[in-house]
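Only one structure is covered here, and it is reproduced in the block below.
As written, the chain order gives the labels A, B and C, with residue 1 at the start of each chain.
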Amino acid sequence: MRRHARRRGLALWLGALAAYAFLYLPLLIVVAYSFNDSRLNAEWVGFTWHWYDVLVHDREMLAAAGNSILIATAASLAATVLGTMAGLAMHRYGMKVLTFMVITPVAMPEILLGVSLLLFFIQVLNLTLGMISVILAHITFSIGFVAIVVRTSLGGLDDHMFEAARDLGASPWKTFRYITLPLILPAVIAGALMAFTLSLDDFVITFFTAGVGVTTLPLRIYSMIKIAVTPEVNAVSTLLLLLTLTIMMAASRIAPNALHWRT
Amino acid sequence: MRALLLSLLLLNCNARAEDVLHLYNWNNYISDETVARFEKQCGCRVDQDYYSDNEEMLAKLAAGAKGYDIIVPTGNALESLIRQHALRPLDKSRLPNLKNINPAYLNTPFDPGNRYSVPYAYTLTLIGYNAEELQQLGLPTDTWAVIFDPGYLEKVKGRVTVLDSPRELMAAALKYLGYSANDTDETHWRQARDVIVRAKPYWAAFNASSYIKELTVGNIWLVHGYSNDIFQANLDARKAGRNFHIAASIPKEGAVLSLDSMVLHKSGPRPDLALKFINFMLEGRNSAELTNLIGSGNPNMDALQYIEPEIAHNPSIFPDAKTLARLEMLHDLDRNQRRVLSRVWTEIKLY
Amino acid sequence: MSRKAFIYLRTARRAKRLAAEATVQKWVVSGPPLLFLLVFFAAPGLIMVLASFRYPGEFGGLAPLYSSDPKVLHGLALETYGFFFSDFIYTEIFIKSFLVALATTLICLTLAYPLALLIARSEKKKRDLMVLLVVLPFASSFLVRIYAWMILLGPQAALSRTLSGILQLLGLAPVHLLFSPFAVLVALVYVHLPFMVLPLYTNLEKHDPALLDAAQDLGASAWQRFWRVTFPLSLPGVFSGSALVFIPVLGMFAIPELLGGTGDILIGNLIKEQFLVTRDWPFGSTLSIMLTLSVLACAWFAAKLGSRSRHHA
């Protein structure tokens, strides 16, 4: 009986290992070739820092990086505030309409959100597409992530605590500031970090709402892929990877249960 | 935190205080030296944004992009911009160098009297080929049939690319069928579509950007492409020491001439700088720099003395008057035609 | 007034005040996000619906709704929907996109299930790490992941050359891995795999091992235990994972554009083309509305199946 279980365990392990390899191999190759002393991403020729050197001197790339970080910071801050409020409201009051509007941008195809925002900004707001339009768009799809994380975290708390605080005479704001917030703070921070990462990495929605003059890193990578691919793309991808990986690991440390979804 | 935001704001203000010219131009369509020289001469800065085809530029402008002083549209896009009343008329008194332009390129049907535009450069869309390979295979190089006729294509299967542009490819097919490139008859379009779909299995790809590299490397032997790209491919092949050279030819059925002009967009904040720039680019020496760099055609007579002889005598870059008569410039389409073309293009891609 | 009535009244008033406070609280907390989403999510959606009924602008964009000039086309019409149904090609592309989404979902399911099962059955300590390892690639930019496959499947890369070498030995023509439906499918699966793993794992984690022990005691084989016990119980997770893969794939355009051949266009590519190339915004909106309706139909279908499976389990 035990031998049988162990054999089945082995097959399952191999399958899982294959899946992990499938997930990580492509990324490892991108990183590896960023150090390759060759224009082509074909064979390993030699180790070099050359492409990183090119990257650091690429003015447009640096501008794109600056834009990306600025947009991500602004969008994640706003999304965290709004998302926390939304998560609180969803947990405490149900509110089907709010839940629908918060969750849908997360689940639907991104192109629909991008296109409808493009239409809205141009037709209704007559807004020139640029930094502001991108930030607003990013906030829209980030609210959902933060709200889900916050709601899950609230679900794990004992609601009687809040009732007790109210009975003891605390105002709603005091209850939130001294009891709720400290308890959900890990989830809020994790949500903020996730929103930051999502904004940094976003392509589709930024593609439609950026207009001319605002490039982000993903948009720059896209135009480089379309026009002329050099290992500089590998270099910037590696750095981007490093940044988002660090942020995600930090987020998972702060709120390890943030990834548990309610089916 | 507040200090950071404040300094960012101040930085932004500073940028607006100096003289900046906003240029919205094609990718790789101006030499860095020319820009630097203009910046020194006018004491201003040139801020550039790029597009890789007219449709992209028009779509971005339609999506509300603002603040460009100068744009460089091709004829049909120019037509569209004029009809939309999006351009400022030119103050010719500030453009004394306008006399340098070859009259053959003035007074186009898009802008009679050149009220809004000044010619900048032009390219031809023609056939580029690996001369040695095609000679070996005994294929003709002076007709569109070599791209569309399965009889010829069999010998170069998988070695041909065409442009990924609905207007350009349809124009080539229409010319092959003997129609005008500006034909808008739906039956003719469907015939052109059938010609393309019939030839598609023999083509390697629809490619608008990296085909130059493939030609240089020798993977692709025959392309439907732009004259300056093909010129560049030949230079690269020579530099790499290949044992073949890339030639270009204007098919006997005719081809498309794309004339790009400089225009002043209404939303540009510095028309004065823009006019200075146009006058600067009308000087022969400055205009010639682009031609020498990428091999584009030059409508400026004064520039001819500065252009390298190899380029100046290249008939596919500077066609003679007889060949010029075979070339057509593309006109703009109205909304219904654009919709039908979009559907035809989808059919071409799918079938 | 009697003392009882007075106390009753005071309690009632206090209750009303508390209730009013609670309502104020509710709107203070939910108001800002609700307002933001109404303006930047719901309103754009409505604008898009409206746009699909308008005429295209003469130079791109939308024609005006009202115009005093009779020569200028304005107002609402079903023109774009007529155009959509006038040619089978658009429906064909929708069907193609559905099939691609279905294929991606099934492949994701096959690959994700063993992984999710293993994570769910591992010790608690290892589980969080394993889940994190699954999610981390998702943290990289979408484009970086696509670019990675462009390298892996490129003609110069080891995989292509090995395969072509083998095929040449067999006397067959070399195969092009990149710019093909195969490349598109591989990339789609790669990008969406984490979305299938997480809901599956969340569901499988909750399974009671006692059930499997009971089944084993009753004489069921390993395969029977899986098929008769584990899989049916996991159906809600299967359906939510499938929805999370199927729906985004329907709207994809970057992967077909960068990794696909000329004929590998999906609805997303068409929509993008209408907005950024042809400038036919009404038709682009119509395509988007049709996509939205398809997505809603799928979501409803998945929810139905999910609730039915919950009733059965």
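Heads up, the rule we're going with is that a residue touches a chain if its C-beta (ideal position, glycine included) is under 8 Å from a C-beta of that chain, and two chains touch if they have at least 3 such contacts.
None of the values given here were measured: they were computed from a predicted structure.
Visitor: Chain contact graph: line, ring, star, complete or other?
Guide: complete
Visitor: Between B-C and A-C, which chain pair shares more contacting C-beta pairs?
Guide: A-C
Visitor: Could you grab the centroid distance between chain B and chain C? Build each centroid from C-alpha atoms only and quote it in angstrom.
Guide: Their C-alpha centroids are separated by 39 Å.
Visitor: At what distance in angstrom does the C-alpha mean of chain C lie from that of chain A?
Guide: 16
Visitor: Send over the residues of chain A in touch with two or more other chains.
Guide: 118, 122, 226
Visitor: What positions in chain B touch 2 or more of the other chains?
Guide: Chain B, residues with two or more chain partners: 63.
Visitor: At least two partner chains per residue is the criterion; list those residues in chain C.
Guide: Those would be 61, 275-276.
Visitor: Along chain B, where are the residues that touch chain A in the complex?
Guide: My answer: residues 24, 27, 49, 52, 60, 63-67, 209-210.
Visitor: Would you tell me which residues of chain A are touching chain B in their complex?
Guide: 118, 121-122, 126-129, 211-213, 226-228
Visitor: Sort out for me which residues of chain B touch chain C in the complex.
Guide: Touch list, chain B to chain C: 55-56, 58-59, 62-63, 80, 83-84, 200, 205-206, 334-335, 338-339, 341-343, 346-347, 349-351.
Visitor: Could you list, by residue number, the parts of chain C that touch chain B in their complex?
Guide: Touching chain B from chain C are residues 55-61, 83, 87, 89-90, 92-93, 179, 261-263, 265, 270, 273-280, 283.
Visitor: For chain C, which residues count as touching chain A in their complex?
Guide: Touching chain A: residues 21, 25-26, 29-30, 32-34, 36-38, 40-45, 47-48, 51, 61-62, 111-112, 114-115, 117-119, 121, 128, 131-137, 139-152, 154, 156-157, 190, 193-194, 198-199, 202-203, 222, 236-237, 240, 243-244, 247-248, 250-254, 258, 268, 271-272, 275-276, 281, 284-285, 288, 291-292, 295, 299 of chain C.
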